[in-house]
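Below you'll find the structures, each written out as structure tokens.
Look for chain A in each of the two complexes below; its partner is chain B in the first and chain C in the second.
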Partner chain A sequence: MLRKIIYKEFKSYFRNLNSIFLPLIFFFLIISIFPLLIGPDKNLLNKIIPGIVWITVIFTTLLSSSNFFKDEYNNGFIETYLTSETSLELILFLKIILCWIFTCLPIIFFIPIVSIFFDIPLKNSFVILFTLIIGSPILVSIGIFGSSLTLGIPKNNVLVPVITLPFYIPILIFSASAIESVSSGLPYEMQLYILTALLCFVLPIMPYLLKYTLTLSINN
Partner chain B sequence: MEEVLNNLEISIDRASCFKGNNMIFENISYSVKNSEMMLIMGPNGCGKTTFIKSICGIQKLESGSIKLNSIDINSDSSEHLNNILYIGHKNSLNNDLTVFENLEYLCAFDKSVDSIPEQEIKKSLEYFGIAKFKDYLVSKISEGNKKKTSLARLLLSKKKIWLLDEPLSFIDSEGNVKILDLFNKHITNGGLIILSSHIDISKDVTNTKKYYMGNS
Partner chain C sequence: MNISKIANLKFFFTNTKNLSRFLGLFTFILFFFGIYWGLYVAPSDYLQGESYRIMYLHVPAAWLSLQVYMFMAITGFVSLVWKVKIMEIISIQCAPIGAYFTLIALVTGMVWGKPTWGTYWVWDARLTSELILLFLYIGVIALYSAFSDKRQAVKITSLLAIVGLVNIPIIHYSVEWWNTLHQGPSVTKFEQPSMHISMLLPLLYMFLVFNVYFIAVLIKRVQLGIYNREKRSKWMEDYLSD
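== the complex of A and B ==
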């Protein structure tokens, strides 16, 4: 059964190739526009590129997760999820992971190349990579939660960022401080541990929260 | 795997439902047993869909109760969900998948279906005369064929209780006959059907109980 669900999700993602390429293109556009606007100051770019990478990750996760359940809400699949005897929590967990694979993982793959472009030291680029690997699943699951909260409301595009961005801030603070620490030679492990703790807290409870909000969306 | 119940009775006791401050339906008391069909009729917007959703257990009631074999459906939802097959008026078909893939995917959610129902899916599509659309994307086929695709689940599932919301809309007369045939077969096999429709099919299906919902 799980195999079927994963297979289907992969298939529908690959039939909608723009959902995979949109984050990547967005990412490369922003990354390449910044040096053009700011000028080729290596020290300055070295300093701001990690932040820009994080900004693009935030916006791409917002873009892809704000309409996450919309299709399934419109074609009535959420009712089918709720009336099927299989574990909905497990399905939702899988869907979060798959959404992360298709929106954030492509960007994470390109981080080493971006680091070479901007001459970021190896140790720093590793820390950027780690903060992204740990932080982006949290961003995706919070974004999906926001989209499930606004399902019953037509034209909800503005609402999702407003709801989710405050929850993004702790993750941003800790990843920014980890990157800051490593570039000034300070220990950065503590921030990574806190991010991991946040991930371990958010990811397991998210399917249960989502199940509850989906039930609410059907009831309203 | 839990065994499928042979004797089924859904009893609805003074059920009322509100959405916000709007009353959707009030004080519905009714009961259906196996080998019976409950046909819910009524004008648009009288709450038929909400009523069927509340029998599924996904719509909360304001007051009253719905019981399956005298057990409240909300207290033992897994037992209830093992027995019901709900097909809403939105077809729950994914536009990016083909007709065949959609049915395969929907079967993954239905524990009463065998593991690889490839042959059965083909047979059920042939029954409704849409076998040639098997590999079409759902977004490319007509509304009626989408409806037939979602109703093909009736042939695949072995569940006893069918909860159908407007199964006859968009369907041509030939398809209508086939669906009514299916209902008759299910009723004679001891199944239970609750469906909403704007067409009075009480004469075409045996053991039909009609229920009119008024505008509230």
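== the complex of A and C ==
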């Protein structure tokens, strides 16, 4: 059962290659719009590029996770999951991980290219990479939680971002501060540790929370 | 009298009408005395002069904004676990009240900030976390109003409120760590409170007044919520036609 579900998820991601490439294109578009807006001043860009990268990651995760359960809810898959013998928590955990692999991992692979474009030093770009690797799974799982809350609502375009963005704030603060510390030569390990702690706190709880929300949404 | 009787919607609706009226009037009187005490009797501050007096609105509103969120999450938890109908209504009716308290705290803080800091807004830790609290409230209200099935809506929003309650300390401490410039808490320092007792007493009194006000408004709003939910039921029609 579990293997079939993973197979189905992979297949649905690969069948629609747009869902992998479009977030990436979106990411590049937003990143390249910023220099057009604020001017090509290199010092200024160097100062704000970590923030831009993170804002773009927020947009991308919100776009990909805000309608996460919609199709499965409409097709009745969620009821099937709830009644199946395989543990739903495990399925949901795998779905979070897969969503992260197909939406955030491509972006993380392209961070070196972004660093070349904006001339970020190697050490700084490594720290950006680390904060993204640790922080983006939290963003994805919170976004999926937001989408599970809005399942019973037919149109929810802006609602999910409004609900979930306040929950993003701690992660954003610590990642931005880690990047800022490394670019001004200060120690940055502490922020990475806190991010890791948040990841260890959020990721194990999230499948249980999602399962509870899904049962609430189904039992109406 | 047992709990289940008070928790009954009909009992609550038919028996709290006078209570909410009385509490509303009581708040008015208490508020009048509190304003008099805070604005005339209390001494003026040697550093900030008279502008500190806005504290008597600002600080209780800020306390209440957090307290109401906590109350909303706890009643939401009770409604999810024990399926008490009245708790569902109480929980969701807390959200607009709490949002108003947050707004009052923010606006009075801005008014105080102009003469003291020279600017209406600074991106300081406590201001920012209060703003985020406002966003949390708005999220709850928006989520509730997006559902057409209100019973379903209450369940989902209680869950959001509970998760928000877990998150508030994390948000608060991360924001605090991010930047702090705000005047440190001057009431809760136990060894040596940095506020004189003649200023502190009106503040605590105003906190009490705000609490009474909150209960009065909450009862009124819960009555409205019960009416909206039960307006087609038999007892409501009987009661209103009398």
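Points worth noting:
In this text, the second predicted complex is superposed on the first by the 219 of 220 C-alpha atoms of A that agree within 3 Å, B and C clash if a C-alpha of one lies under 4 Å from a C-alpha of the other, contacts with A are read in each partner's own complex, and residues count from 1 in each chain.
We adopt the following convention: a residue touches a chain if its C-beta (ideal position, glycine included) is under 8 Å from a C-beta of that chain, and two chains touch if they have at least 3 such contacts.
This structure is a prediction, so every number in the text was calculated from the model and none was measured.
With both structures placed on the common chain, the touch criterion links A:N75 to chain B but leaves chain C unconnected.
In the overlay built on the shared chain, the residue A:I173 is in contact with chain C alone; chain B does not reach it. When the two structures are aligned on the shared chain, A:N156 is found in touch with chain C, with no touch to chain B. In the superposition on chain A, contact is made by A:R15 with chain B only, not with chain C. When both complexes are aligned on chain A by C-alpha atoms, chain A residues 220 touch chain B in the first and chain C in the second. Those residues of chain A that touch chain C in the complex are listed here as 145, 149-150, 152-153, 156, 159, 162-163, 165-167, 169-170, 173-174, 177, 198, 209, 212-213, 216-217, 220.
Across the complex, chain C meets chain A through its residues 132, 135-136, 138-139, 142-143, 146-147, 149, 151-152, 155-156, 159-160, 163-164, 167, 170-171, 174-175, 177-178. By the touch criterion stated above, chain A contacts chain B in their complex at residues 1, 4-5, 8, 11-12, 15-16, 71, 74-77, 79-86, 215, 218-220.
Residues 19-20, 53, 56-60, 78, 81-82, 84, 86, 88-97, 101, 104-106, 108-111 of chain B touch chain A in their complex.
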